[in-house]
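Paired with chain B in one complex and with chain C in the other, chain A is shared by the two complexes that follow.
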Partner chain A sequence: MDRKIGVYICECGPNIAEKIDIDKVIKAVSPLDDVSIATRYKLLCSEQGKKFLEEQIKKNGLTHLVVAACSPRDHQHTFMTICENAGINPFLFQLANIREQCAWITENKEEATNKAIRLTKAAIGRVRYHVPLEKKEIESNPDVLVIGGGIAGMEASLHLASPQRKIYLVEKTSQLGGVVTNLEKTFPDMQSCPKIIQDKIDQVTNNDNIKVYTNCEVTEILGFFGNFEGTVTQNNNEDKTTVGFNVGAVVLATGCALFDPTDDPNYGYGKFDNVITALEFEKMNLAGNIRLKNGKTPKSVAIIHCVGRDKKGYCSEICCMYSIKFVRYLQNKIPEIKISNFYTDLCLPEKSYQKFYEQSRGKKNDFIRIDSIKITNPGNKLTITHNDEQGNKKSHGVDMVILSPALEPSVDTKKLAEFTRISQDDEGFFAEEHEKLGPVTTSTEGVYIAGCAQGPKSIQNTLIQAEAVAGKILSSLIPGKKIEPEVKVAHISESFCIGCKTCLTVCSYGVITFDSTKKVCVANEVICRGCGNCVAACPSGAASLKHFTFNQLRQELKEAVL
Partner chain B sequence: MKKDDDFMPKILTFLCNWCSYAGADLAGTSRLKYPTSIIPIRVMCSSRVDPLFILKGYLNGADGVLLTGCHPGDCHYQSGNYHTRRRFAVLKKIFENLGLEHERLRLSWISASEGQKYAKITTEFTQKIKELGKNSTGTEIFL
Partner chain C sequence: MNNKNSNSDILVIGAGIAGIEASLMLSKSDRKVHLIEKNSYTGGMSIKFEEVFSNMECSTCMISPKQQDLLQDKNINLIMLATVEDVKGSPGDFKVKIHKKPRYVDMDNCIGCTACFDPCPVSIKNEFEEGLSTRKAIYIPCAGALPNVPCIDTNNCLRFQGKDCQACQDACMFNAIDFNQKDEKIELNVEAIIVATGYKLFDPNNTPHYGYKKINDVYTALEFERLYASNGPTQGKIQLKNGKTPKSGAIIHCIGRDKQGYCSSVCCMYSLKFNHYLKSKIPEIQIFELYTDLCIPGKSHQKFYEKIKQTGTTLIRATDIKITQQGQKIAITHTDEKGKKRNIIVDMVILSPAIVPNTDASQLANILGITCDDLGFYKEENQNISSVVTPKPGVFIVGCSQGPKNIQETVSQANAAVGKILSASQEGING
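And now, the complex of A and B:
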């Protein structure tokens, strides 16, 4: 095929015209092979400029287009659209950035002109090797699989469910509600919790567009954004009935577990009576029965914060606040009770938490900062021995000890991370795509995380995440709308691949699989994000990245340094 | 010294689309000045940069090669820059072992907001290459 490359240099008003000798650039590139026209225009991104360019492509029968103008971050899309309108494939185009990275960085016109010539030549060298790429569209399924029937999963389901979008809500235990069903009240507003959670459960079970699977576990997830296949297995019967369905997105809302205090013998948990965990206390309180093992009402209670914090290496964010909530429970129900809080650090973020703490302090309620702590049981009386801030050893007798343990990832995290090909963070929770920029998305497009499955958090922050997940899905997975996967993706040539699997190990997105019959690696182009890491890693030259192929980049850099 | 001033090196610079390329654009829009020795090549991720590109660029007459990407932990593709870093370390060793001037290679992390850092690093690196002089390898070695 005869190539006819058109080179258009934008004056960008005075921005480029005053800093670069455009005529000199035109003179330098005009004689190059395949260049059929090289000319200048005052402002190519203006309506007139766009029209001019479209007419030029048609009139001159151009096959490829090079524009030397601003950054591709500015107007690459504009010029690609012009190509499309003029009837040439938009990928047969290259933009040379002679404004941001050339005209604006120097006062020396000669040097700027020389650099502009290099950049334009490099773009011409590259565009010769461009090939047409086609945008693809694939059907997508708007339904969503939500794993975990706690408050996060229910909230996301309620926001997402509609006549056009079915929700499959899978819960491992026999009932919806999760950990929140054990709480009497929420902090800091001290609202009744059973009512909040029962309302949500009723809304979910009465919603025709949410199908709830209790006593079920997800046993397989295959596919990609828009087209996942989930398999769910019932775990309360012998036959292990399985059911499968297609969904477009997956929400992981599996909550968290509690650090086991028996891991640290200093707490005496499991050894002594009346040493209980926060969750055991919540259940006791909800049942309206705060009693010692011998049936008597406790006269003094110690609440130990930060249990397991050193071992886990992170602050669990909510323990201080629920411990202070326990103070409120106890003061209300046993007015004469003496309470001592032992903490290493108080964590009181959010706008109302400090106030909640200050209002909970009182004569019969101490907050004691400690360095280390040990619980013993001499003469059947629980004794707390601790070092205070000055390093003095002190001891303290109490009737009951409540341990506030760290939150840790739930047991299924590893398995589900493998099913969905997402990673876990250093602490073992599901890893979000980006701590700041992608807090509910993950490395697998179409897989989202909400609530404590992502890390310890309060009910309010859990709801914020559940709503954020719903927002993400509602805006990206629209019923009836096809999805457009990335076009500039990796491809592995079957004939060149030596089956070494190097590419498989560097890919962060699980794009590549090994075909054990053909003994070659295969890239799933639909889920590839197009970074090109596998291409640089491939020792046999089998992997290539569309629009950033070896030849395209090779020609670009060759011309650039010539 | 006169001779040094006349010499404008050619520094092949690989920029990742999401961080350093945006940082380089920011240097321009902020009208920061840095030498025109820098010749940018845009890639989607620094991990696309096959070490062979660096070697080819070097043998084709680049006086220096600058590789830039997102800061560790900030990779748009999660972990691409970690692979870049390893490949770069290996390439430096290969250069040393082949007796090539590994000082002509540099890796730097530049975020989208670090226009100033981009201008500073490109200026420093250009100065360094000017001190090293022209890369004569291209004319001496045939591959």
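And now, the complex of A and C:
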């Protein structure tokens, strides 16, 4: 079929009409090949303008449309909708921005007109080689695989499960609950952790739509948003029974680990009795048994903040607050105890935290700012040596030392990041899609992160992220509703590909795989986001991006710059 | 999917980043959203920032695609210049009364060409620019504001003060100026309400020892953001009131923390960001940061701090800060961490004030039937259940209206409130 391109130039009231010689533009583009009509209109985005365009397309039997007007940010969508209404594929359209890029940037009418001619010609040159792109729809599975049975995984599961949406909750250990099962109370409101966690466990186990797999690990994840296949392997039996399920989304809620204080000999951990970690102290406290190695009740305790912070290179956000919570535990259980907190900077970043700190201060409770610290064990007493703010060397003797270590990524992070084709950040946690706007989504669509697996955070913020993940899944993976993948996607030509795998290394979305039989790379168009990295990197011209093909770009550039 | 009755509509109050994020998600799940905004523009506070920590991404570039999506979204009914007047009923069936003030500019006809600005004879301080520049009585707050449609400020427009002026109407080629628009009362029926009304900054006039408003070139964080903004009053040129480039500057953290009784969580990071702002425009500038405790939670934040430290900035842990004019310069007396009295002299001071609840927070709380905590922020029912849930079923609180937080945490809460609403209404779920 012959091309019939319609070119419509918007006057945008006086905005374009007064700054650009529109008739000159019309004269310049009219003789171009395939241009069937070139004309002007006072305001194409007005209701009359939109009706006019739609009628013009139909009346003139146009096959392609070029509009020279404002920024695509303003009205690209408007004009593509008009194409659709008039019965031509919306991708057979191109917008030339002659307002923001010509009329509004110079007082020189001749220069503005010349540039407008180039941009309009470039749009015509390009649109001539546009091909229709069709929106695709694929079936999706609403079920969700949640990895990690701690508070984040359980909270997400409880918000997601319904008769239309089954949840597979996989926990590595023999029981649900995660790290919170070791705690007695939350900060700052000192609510009972066993109650909070038991309520959740009861709700999860009583929910018919949540299937719990304890003592299980995920061993494979294949597929893409709406259509993942997960494999789970039992880790406590010899024959390693495996189960597979199809799900639409995967939630990584694998929590975190604690920095190991033996990595820093200054703390004496593992060398001296009665130097314990925060988690060991929590367990001791939960058991109602705060005792020294010799069975006696401690008379003095030092709590050391920021253990491992220097090595990890980040503040773990919750250690100051849980250290202050320890003060409460101790004051409550051993009223006469003397407590010294050694800290660098107090990090109390929520509305109720400072009050909690102020209310925890007391006569038998010091907060001492230090810049370096060393724990030794001369005689039978632990001695803490440090520099105070004035730079003087001081030392304190105590019965017990509690170390508050940094939170660090759990051991499975790397493996799961590989399974789900997402990246880890510099600190080793799962990397979120966007620091500000995408805290629980990842570079792989359909893979979500919640809780300390994404970075150190409190129980409250963990719950929020788990609910946020639920929000993301519930709003995008709707039972019975099909998924519309991106249409402007990459394609790798089998005959041109030399199998060098360069594209594999530059794709952030795990779209490309290597077909080892044919020795070529293959792009999964369903999950491609159309970033074009593979196209730029491909040395043999095998990778191309729909709607941004070499020929389309060459024709556009030729008219724009030559 | 689309046979939802009107009671599945959601009301979102506040079109800042939290409200926008929640609305777009709800729309994606085929919900109709009524998004109420009291200003004439969307984007809230976040569009006032040029760059955001810690990756220094351009804030406007980050948020404007969301604002564009919002304006084009057919499921979202954006009602600007509007406030909530009354809420009755119960979850699943709230009856809401909205008061919408007229813009006096027709949203459909206006193309945002700004031809109406020049002829307007009125010139007043632009509050969006913290009073650092002027605007007309018909105006948009800054270049790039969305929607790109001006509004008439009736408190200052001559016509609305009884004078015979129609200069803007005469200048408009598109019949967009409509002096006859009237106040509207809108009644909505909604299933649930998300409150995302944001925050304001502590007013440093309440702490006179910092010299704010008494000494030239003592700025608040927001004033400095606009001074650095490429679409701001100086197009991003950092200059003193006398037009000169500052050779030295001090950034003071924790303004108002003592009075408010809490740490605002983001000030240390944005103060460190200001270092970057100053150094990027004036490489040779000497900078002092005066802080009490560095609060830089967040996995990527310390790295940012280390980078700033390497640029030669002097970080001082200081107390008893007092700021006075000293000739053409500014003197900052303080006690350092060794307990010594010190004095530094600079050209420019930037105050980083606490995040405080919006002026009308308690009034809206009364209307909604929720409460404020003793600091004035909206009170969650129980943090260990969910910080977005209020004691009033069906009413959710997100972002800084619940307490100070950064953009990431704000977005998480917006996502979480949507999670709560969609989860409760899944078929076969008791909620």
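Heads up, the rule we're going with is that the second predicted complex is superposed on the first by the 561 of 562 C-alpha atoms of A that agree within 3 Å, B and C clash if a C-alpha of one lies under 4 Å from a C-alpha of the other, contacts with A are read in each partner's own complex, and residues count from 1 in each chain.
The rule is simple: a residue touches a chain if its C-beta (ideal position, glycine included) is under 8 Å from a C-beta of that chain, and two chains touch if they have at least 3 such contacts.
No experiment lies behind these values; they were computed from the predicted model shown.
Asker: Which partner chains sit in contact with A:163 here, chain B, chain C, both or neither? Use first/second/both/neither.
Answerer: A:163: touches chain C, not chain B.
Asker: So, does A:119 touch the first partner chain B, the second partner chain C, both, or neither?
Answerer: The first partner, chain B, only.
Asker: Is the number of chain A residues in contact higher for chain B or for chain C?
Answerer: Larger number of chain A residues touched: C.
Asker: Just chain B (first), just chain C (second), both, or neither: which does A:469 touch?
Answerer: In the superposition, A:469 touches chain C alone.
Asker: Using the superposition on chain A described above, determine whether A:45 touches chain B (first), chain C (second), both, or neither.
Answerer: Once the two structures are laid over each other on A, A:45 reaches chain C alone.
Asker: Touch test for A:73: chain B only (first), chain C only (second), both, or neither?
Answerer: In the superposition, A:73 contacts both chain B and chain C.
Asker: Identify the residues of chain A that lie in both the chain B contact region and the chain C contact region.
Answerer: Residues common to the chain A contacts of chain C and of chain B are 73, listed in rising order.
Asker: Can you name the residues of chain C that touch chain A in the complex?
Answerer: 1, 17, 21, 25-26, 28-30, 52, 54-55, 57, 62, 64, 66, 68, 72, 108-109, 111, 113, 115, 173-174, 257, 261-263, 265, 293-303, 306, 337-339, 373, 375, 377, 382-388, 403-409, 411-420, 422-423, 426-429
Asker: Can you list the chain A residues touching chain C in their complex?
Answerer: Touching chain C from chain A are residues 12-15, 43, 45-47, 70, 73, 77, 159-160, 162-165, 186, 189, 191, 196, 309, 313-317, 345-355, 369, 389-391, 425-427, 429, 435-440, 455-456, 459-461, 463-465, 467-472, 474-476, 478, 480-481.
Asker: Touching residues of chain B toward chain A in the complex: what are they?
Answerer: Within the complex, chain B contacts chain A at residues 8, 10, 12, 21-22, 24-25, 27-29, 31-36, 38-45, 47-51, 53, 56-57, 60-62, 76-80, 83, 87, 119.
Asker: Provide the residue numbers of chain A that touch chain B in the complex, in ascending order.
Answerer: Touch list, chain A to chain B: 71-73, 97, 99-108, 111-112, 114-115, 118-119, 122, 423, 433, 443, 488, 506, 508-509, 529-533, 535-537, 545, 548, 550, 553-554, 556-558, 560-562.
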